[in-house]
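Each of the next two complexes has subunit A plus one more chain, namely subunit B in the first and subunit C in the second.
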Partner chain A sequence: MGNPASNILSMKIATKGIFTFAGGTHPPQSKELTAESEIQRGPAVKQAAVMLSQHLGAACQPLLRKGNMVQAGQKIGDSDAFVSAPVHSPISGKVKDIALQSHTVLGRSPAIIIEAYEHNPTKRPVADKFTEEFDENKYSAEQICDAVRQAGIVGMGGAGFPTRVKIEPNPQFPKETMIINGCECEPYITCDYRIMLEWTNQIMAGIKLARKASGCSQVLIGIEDNKPEAIEVMSTVIEKSPNRDGIKVVPVKTKYPQGGERQLIQAILNKNVPTGGIPPMIGIVVLNVATAAAIAEAVVDNTPLTHRVVTVTGEAIDEPGNYYVPIGTSVEELIEFCGGVTQKSAKVIVGGPMMGIAIADLTTPITKTTGAITVLTKEQIGKAKFERQQTPCIRCGRCLEVCPEHLNPTKIAHAVKNNLLDVAESYYISGCMECGCCSYVCPANIELTGYIRTGKIFLARQKKKIPE
Partner chain B sequence: MLTDLRVSCAPHISKPLSTRSVMIDVIIGLVPAVVAAGYYFRIYALILTSTCVISAVVTEWLCNKILKKPNSLDDFSAVVTGIILALSLPPSLPIWAAIIGSVFSIAIGKMVFGGLGSNIFNPAMAGRAFLTACFGMLMTSWTVPATIDTTMPKISAENTIHARTQATPLAWSKQAIKTKTGAEVVNEQFKDTFTGEVGGCLGETSAVALLLGGLYLLIRQTIAWRIPLAVLASAFVFSAIGYLTDNTAYASPLTHLTSGGMLLCAFFIATDPVTAPLTGRGMWIFGIGVGAITMLIRIVGEYPEGIMYAVLLMNAVTPLIDRLCKRIPAGGKPSA
Partner chain C sequence: MILADIFQLWNSSWPAGMTMLALGTGFAIVLLIASEKLKVKIDPKIEQIHQALPKVDCGACGFAGCGSYAKAVAEKPALIGKCAPGGPETAGKIAEILSLHISDSGPARKPMVHCRAQTDDKTYFATYQGIRTCIAANALANVQACKFGCLGFSDCVSACKFNALHVIDGLAVVDYEKCTGCGACSKACPRNLIEMVPFSQENMMTVACRSYENGKTTRSMCKVGCIGCGLCAKQTEIFAVEDNLARLDYDKYQLTGQTKTAFDKCPTGVIVLCGPTAPAPRQPSRKPASATA
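Right, the complex of A and B next:
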């Protein structure tokens, strides 16, 4: 059916999604906990632990020593590597230490710990500085790319790929289409939704700046149809905006993982990113709405990425909501700020319940890619899941039905379980993006995603990519 | 404050689904067929069904004890096997034979392979094959449904031997093929095969009850829709070929689809996930194979019915089918 997005042009604001990908599932959305909660300022932190690796690519080297003074927004870590992004201090204060901190993915990993001065003004969002008349032509493409690099912007949807590398023109892979990801398919999380409603002009400015930098002719904003207000607000702002040619909103069906970039590309352009490849290979750039907002702030206001919106949610949280939080705030401090937890027994998840990472160390800091803290109760996780009871696979094939990457999760998982990594590879284990659909639907309660993730780590070790 | 923090791999929520809930769904789907069996073959049908269920469950419990394996009765798969085996037995089968069949189904058909999920052959069909091999006569005598002949003694455990027997539609169909005449008489029975008022296995006679149960399973998405469709479509095509060549010798496709074990197989036996392929393409091949082999036996072979052999043969090649029909990732094979 060619390019389905071209049919959208003639419509009025239609909020019903027509396009989607094959596979996927429908976990309960649970977004009502925080969907109506406006973005509020987060805690005035006494201490911030800024991880030196918050992105894909080379980790930063610290630019200061213990005891040095820092200003809010000062660059404190950087790297010469091409695929990397600098980190900045969110607060003014003194470097207390450069030490290992718990990182959700990397385990213990170096961080710069900054102790705040007593009178530390908390930073406000800058959304009111942007209007509908924003004109991106005041800035050159090089200027934009440079500002994005200096501000340390990375993909804020979760993967954390340095944004400069994404938007910079690359002669090997010329870019044609930019997709702005406003799907937010992960249950519970509402930070992107609130940003779209409240920072609409800022996002629009960011989109136009990114379009200019990348040279894309077409910009498609994918939003799941469970967020009709966001679809309307974004469509309206495009109508009023100058230089709006080629920018349009594409409502997509509500289905998990619609916000995966490969799935979003499949849904709105009917194209498949090669397995193991990245979207630029087929001329596409995908940016999250929060990333677009950060680009606008970096270019126009010259401010680095030091704060982000985090949804603190889950039935075990006393006052769930969306907060504008300094990067480096500990999960514990943020939970306390939201009234603490209502239960003794719980699971604290950095991210949402489908792809988030359960943490055991509550001092784990917020990073540039942390969209949410979800605290689930024992009842919600389910008794079987909480106690990890598995029954044998009955080969029902539900995992195959839901796999958005069209893999065979049960075969891969059982190969890994039996330490047959070559068999796992023959079933294309590398194609898995760990969305969790297979584990979610498995009636035998098998941790398919867990096995597959383990298999990928074993394979990486075998190929000496990471040490044991 | 938090004192009991749990960690595990994502995802942290799961669909409220378990092996037990899947099996309970199948049991619910089988209820109409059991009710129909009770209606047409009276109390003995229910006695036979409960015998099979109880001996299947007891066998699994004993096997677990002997093999020192954890109790697996709470997944209800033994109950499903018991019911399906009972529904595929002739109504006049003695109780002792039903017990032997159930014990074989569970012990040899399932537990020696390692229990649920590891068996190669459908346990109920393995048990039925064993009974057919051992007690050929008992497995091929068919009593008349009690609703046809009210003067005949009510069938019960004591007097099954005296019950009047009758040829099944498939036996007539075989006769028609041999004599090259009389297929239209078989076709006239369509109404009876649809409601179930004919001779045949306990739960196989009533097409309407099986369709009802099958529809429930399809709506609940408990079974994969590809397999029933593939089985029925391929059986339809092959019987249509016969019917169109010579309609006095070969019964019509509709007769073939509604008689014998075709519907029970399409919805409840071939769809047993453990012994069927995993991938969509594999399911098509499996279903088409079951339908084709069944029709081959019914039309060309010596036996009037071939469902059991078709399912067991296709079970045997399922690992091969799975190997041949590997899924290709959405983004194509990785280039490296």
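Right, the complex of A and C next:
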């Protein structure tokens, strides 16, 4: 953990041009818990709470009222804003209420709560419908973009940026390269890995459709080298498929946070995305493998994004695995399906242990961006971290070594702690992507990422409330 | 002997002394002329206004401190009523300096915490271990069961410059004796629980809850939350129930028999009196009152 020598080595490799970035850390992978378990059907839900804000951008407005009937796949919330995506009902049933629900990012947010009918047909994955001979030329670029918007597809890797905005051709920033993110650098999570193994043809179809829509000439699929099977399967499919020019698998070094958009671009193309900017500004689109699969489903099968694969894992779970679940399922129901919360479970995290957010309310629903539920025991968290035994900063500089954005986490955290937000801003607090590397390596157990996140909320509040 | 030494010293040093004196006088004259020629004209009113202000630099007016507020108010008299700690008295003094007449701006505004749940009244799902500020805790989903109530991590206490707020048993309580009404606490609260209310009476009545959840949910989470039963609204029209939450019209408030009955009848005791001489909040009645009673 946080061995300075290994980090210096990785920096040297990065400058030589092998596929990685400078900084980062190597937390234990712990993927063996669920890596071999096939994608199974999740619980038959009685109730689904579909959040109206599951993406970056404007929240949706509900299209239904309390008491209305809904069909599975029906659009239930939409917005006129450009950066937004509609939400759909995953089940058939009746709208029970439109109420506030716990939201992992926003704290609390309105959701449409749908009570399922008794006999509800469960949706199956559509991967079987796709073959290696898939031809994307049947669909026009506009058709693809429109289908992606209508299906409400957002980046399923975690940030939830509406995919239509990403892939739509923009005359201001022409796109050249598309990077498909199959890194899955976060410990414990294996949903993308299983998708790559089981839904390979569907992902390939999605990649081709996204390439057609965005007009990119080059497609690079970045996969960490701890997943040799996934690299092999994807390469084989590319070899067999027609129109494969420019599509290539790029194995990248196993390191956290290799799956961060900017880190992946740095690793594969050796380009820097400007601070405060987004990849399309330098002609790059980054899509997650799960997003590619969702695009294929939306365009070919015309079905909206209502289900996703979630890894339920952690040492406190009896039956860890990868489950295909309706969006809106509560965390409680999913954990119950996998054997329930036991005596030894100490912390329930939505997401992985590095970037995930611990929750207290188990009725928190699964959203489009939830990749995993991790339930950790006290031993996994570590006694010192669990009991919050913080000591003063000893200026060892480990957080600076690991920061993939080359920031100074300790300076920013101290500034936020002492309410000096202008100082925090001058150290580029907004450039932090909250990967958690600094908190992970800190020998003094200081919650650096927590302070940075708090500072960001402070700044957002301050900017909204400017005195006249 | 000694005299001879002094005489010698004088003989050798008087030219240096004279030169210094001449230089000093020269510079003094230059500075005198410069200070007259390059004088920055300060409006004497600004200094007078600054003297009239309480000089606590609380920032309630929206300016960096009393100095910059004095400058601003001298240029733009519309800002006259912005000094909350000074209140109408200071506003009157400023108006006198600027030779203006101001109308009565109504009663002073004081903060009121719209929650009365102490640690025992609230429901918690888990222990919060993160950074101990309200703003960090509020970003996390459900630190406590109630999504609206006081978090008790003292963001308002650190915002208060007058030591007029304290967190007592997980709930922020205003000390009205010390409070100047600057409103810093109301800006600091991430859940917007602290509202600046015009105190037309010494003690004001309020519905100390902000939960928009329905009655059943509120009851399951909090012993002293507003369940929206509407008993208070039946007594007097200054109460109105909207979105499962009773509200009081502060402008119309008078302590009459009807409001006293509403205060006594409230099943959860969420109607409380705030102020320097306010009595302690009522305990909730044992029996849950039916909404149609």
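Keep this in mind: the second predicted complex is superposed on the first by the 444 of 468 C-alpha atoms of A that agree within 3 Å, B and C clash if a C-alpha of one lies under 4 Å from a C-alpha of the other, contacts with A are read in each partner's own complex, and residues count from 1 in each chain.
Note that a contact is a pair of C-beta atoms (placed from the backbone, for glycine too) under 8 Å apart; a residue touches a chain by one contact, two chains touch by 3 or more.
Quick caveat, the model's predicted, so the values are computed rather than measured.
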First, second, both or neither for A:193, with subunit B first and subunit C second: neither
Which of subunit B and subunit C A:411 touches, first, second, both or neither: first
Contacts of A:107 with subunit B and subunit C, given as first, second, both or neither: second
First, second, both or neither for A:439, with subunit B first and subunit C second: first
Touching partner for A:461 - first (subunit B), second (subunit C), both, neither: second
Which superposed partner A:359 touches (first subunit B, second subunit C, both, neither): both
Contacts of A:450 with subunit B and subunit C, given as first, second, both or neither: both
Footprint overlap on subunit A, where subunit B in one structure and subunit C in the other make contact: 357-360, 362, 386, 388, 447, 450, 453
Subunit B residues within the subunit A interface of the complex: 1-19, 21-22, 75, 115-118, 224, 273-274, 276, 278-280, 326-336
Sites on subunit C touched by subunit A in the complex: 62, 124-126, 128-131, 133, 135-136, 138-143, 145, 147, 187, 190, 212-213
Parts of subunit A lying in touch with subunit C, wherever the complex brings them together: 99-100, 102-104, 107-108, 357-362, 364, 386, 388, 447, 450-451, 453-454, 457-458, 461, 465, 467-468
In the complex, subunit A residues that touch subunit B: 21-22, 25, 27-28, 187, 262, 266, 272-277, 340-341, 343-349, 351, 353-360, 362, 374, 376, 378, 380-382, 384-386, 388, 391-398, 400, 404-408, 410-411, 426-428, 430-431, 434, 436, 439-445, 447, 449-450, 453
